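Since the structure comes first, as structure tokens, the remarks are kept for the end.
Just so it is clear, A, B, C, D and E label the chains in written order, and each chain counts residues from 1 on its own.
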């Protein structure tokens, strides 16, 4: 298993589905969005993504071991949804392969759209009451049309790096509809407010579930805490790597 | 021999056997367990695991040279048992390949269960009389059922790294029964008490030999000493690498 | 996609076209030339060059995501023109493969000539009114004939590195006409004046459009500013790499 | 020639021969043994071992260029003998491949036994009159039988690294008779006394030539001097690498 | 083009030719010899040697771009001659592949002899009037016979590194006649006097042109100056690598 592989644990019909990229981004916006949607939409795990270069770790939840990168899927009012979630930040030299594999796999499964949330670094200060703007960018005229129909302002000039950047380039090259949703986010901690704004936009664009944004912000905050807690727990468990195990020879 | 290979030195029928992973873990729990079982169950060496990246070393016992990673097997009251034992700590980038090869090979041989002992780092202080709890986690509903039937408490939330983590993930992906047994252990030295508790659990789950736990703790302590002694001896022998041999040209 | 690939986004007939190399060179002479020609000749994007080792980035212009290396093409009074433009400086160990791929692809498409602008480092001082000389060098007798017919002075002795050097060597080896145009340029910033002089020479050699050199210098200056600005913007966006994203485990 | 190859320069019938490993070991015991046997038994060069990773060097002796790793062979009272000799210390990551290739090649040629001399590090002080003990270890019951029949004490417990360790492991895995002869040696200089003791043992086990041990010690001392001298000469010749040659560009 | 390739630019009949290795050696002896012979014998370029690991550079002479490694050939009174010349010092890990390719290619072309000039480091002082001795070493009895017939003293004991060392080893292995001519040379600068002595020997052995040694020394000095000048020019041109070009993103 040299390359990046996606394997279904159970058969799933994803024709026409919207694929949501939850690989870690600035402010963990995409991770919070993905976690929220999996919970709110009660999505079930349908597959894993793996590679010989992914970390050798099982995340345990409710007594069940989980791969660090997983695919969840389910139905919503707005149609089928599949979500990629990753518990680790891929190293730079794997980003291209991961993003290309996500798009290829989405195309193979007959998905119709990929949505990639991403954080935009904010430099200036802003008051707590200011509303964060969510910008969109599409890989194709169709994707740009979806954004315009929903009144999402277009990100006109700039540079998008990482998984979102590659998904947009590949989408343009292959004529696959990819939308990246960009929210201003703090790069130094998981930014639940930015993620909540992206979730509202995803709801408006695709889910059509008219999610109640009040609890949404609370829920986003809860996920932010949980991610911090997983992080802490991982730190504790990781410590064996720090004090080297009593080695035998070599 | 680029990859990791397992070769049988003598034919062995391992259909239905329980495979026990003895690659070094936190507190060398798995190594002590594996060494104890090989001795107590009088298992014979049936094979070796090798790779061009394994150390160039022969361990000599009783005048016989041994590969650093070996497979032992034999019969017990509770059925057939096979044990992997490794005299060296695999480098991080080989862990995935080793664990995958163990599971593939176990499946090829018709083994029915893999048990992977692992140490859980303890942070707080505990009195010498406190009993160590052994937690279990299973890759499949069947594996979890075995744990529940034996009253082993389930490890509900957390992160498992290394060989055990990969075995659990692969077991889940391929529907192969894998159980990891986790005992709180000191990461800084071979922890015989933690290992003894795991051996009791392995006995209860699989061996059904009702091992006398008194001598067990003594025996575990003896193995702990032996491992420390091998370690020291290896250090002495390793020194030639330290003062470089009188080199000729180049 | 291990190697360097060129993919057409729309069909284009490039038989007989002149291919212009816009990969970054000393003083960004080639980048300014390529940007200017794309604008002035209203060339449209016809393809992308990509590799798994290229940066994971989408440049956004007018709401459209763009690969970092692109091919533009169109018609001019002097015949068809295709231009390679690259938003990043290829690492040294990719230069040979990129240049060879450009030449192979040009030959496959039936292009008749490759023009590679390059800056020559200047050491001494020169007054602002001094005219920069543009030297030429050709890979074949035909290419050298083109230069002589247009009165471009020949670069007689020296060393040419990078993409231009490889294009000349490969052109000589394969009998493909390659011309490198060398203008004295400041290595420390984008040198619009040197680029303007090269554009005049390209016009004289190939385009035959008798471009008005007055606005040309202004336009070159504008592109110089834009390139600096993209650079600054890229710096800002790149910062997330600087303060590491809140990582989860590993 | 990516891998390690052995090539015969002249045809040689090595069926039933004893193969002696002369790759550098602790105290250069194996190198001295190999050099001595080649001289004393008047063996002729029959082949070379080479690899693209071996040093780019020709050793010149008597006006003839020699590869750094060579095979010599000839007849003795005790049967055919072939000797590997290496003028350089293989890097750690080549040891497995070299040892495996030696054993494979020995099997292909129909050799019946491999003997690998190795030095054992001594820590304590010893008087000049103390006799060095030579221990033996065999890969198979047959090999162990040969040692016992000749009264060579068995090396019961410990660790053997390098070429000798791999030869023993491979011999055990493949059922090929390998004997390692271990003599206490000083790791910091070529140890002629230890080598002389090994030569006596090789004579007793295989050659049956009843070599006169008096001149043997003198001869071993002479070889020790010669090896030191080659070393010095190599140092002088190697110096061009130290002061870099007047480089041209690049 | 992963490996090292030699490509003919024009057809050339090299059956029976003597191949002269001009890759840089100690004191650039081989480079000066090769440059001198190309000029004095009016040899024409017939091919190039290239590899993806060679420098990305075109050397320009008389307005013509040249690969850094080239093959020249022509006729002399003593028969056909072909010369390899290299403008750069190959990195250590390419020397084996280059030398093997030179010998293979020479054999494919039907060449009958390879001559490889090399410098021998001198340590002591010598007066300006002392005559430098040229030693020879041959890969085969035939090659050694050629040396003896011409009265070239044999290099009896020592170590030869680099291209010459590999050519000798390969020549011995494959029965191809290779002669290395060794002249004492200063390692720190191009040594024209040593080269002139080698040229005299090459003339005596092969060319039979009875070259006038007076102008030879002058000519050798001129080439020494030219090589230094190319070196300086290369340094100037190389500087763009030193102050990094204004990079865009990444």
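Following the convention adopted for this analysis, a contact is a pair of C-beta atoms (placed from the backbone, for glycine too) under 8 Å apart; a residue touches a chain by one contact, two chains touch by 3 or more.
Predicted, not measured: the structure shown is a model, and the values here were computed from it.
Enquirer: By the touch rule set out at the top, what is the minimum number of steps from chain A to chain E?
Expert: Shortest path length, in steps: 2.
Enquirer: According to the touch definition, list the chains common to the neighbour sets of chain B and chain E.
Expert: D
Enquirer: Please state the rotation angle, between 0 and 180 degrees and to the nearest 5, that superposes the Cα atoms of chain B on chain D.
Expert: 70
Enquirer: Can you give the whole-Å distance between the Cα centres of chain A and chain B?
Expert: Using C-alpha averages as centres, the distance is 37 Å.
Enquirer: Between chain C and chain D, tell me the centre distance in angstrom, where each centre is the average of that chain's C-alpha atoms.
Expert: Here chain C and chain D have centroids separated by 59 Å.
Enquirer: Where in chain B do residues touch two or more other chains at once?
Expert: Answer for chain B, listing residues that touch two or more other chains: 55, 57, 159, 230, 234, 237-238, 249.
Enquirer: Write down the ring's chain sequence, where chain D leads and chain E follows directly.
Expert: D, E, C, A, B
Enquirer: For a test of understanding, state which residues of chain B touch chain D in their complex under the given definition.
Expert: Residues 1, 7, 9, 48, 50, 52, 54-67, 230, 233-234, 236-241, 243, 245-250 of chain B touch chain D in their complex.
Enquirer: What does chain D use to touch chain B in their complex?
Expert: Those in contact with chain B are residues 24-28, 31, 55, 57, 68, 87-89, 92, 95-97, 99-100, 119, 121, 123, 137-139, 144, 154-166, 168-169, 171-173, 187-190, 227, 230-231, 234-235, 237-238.
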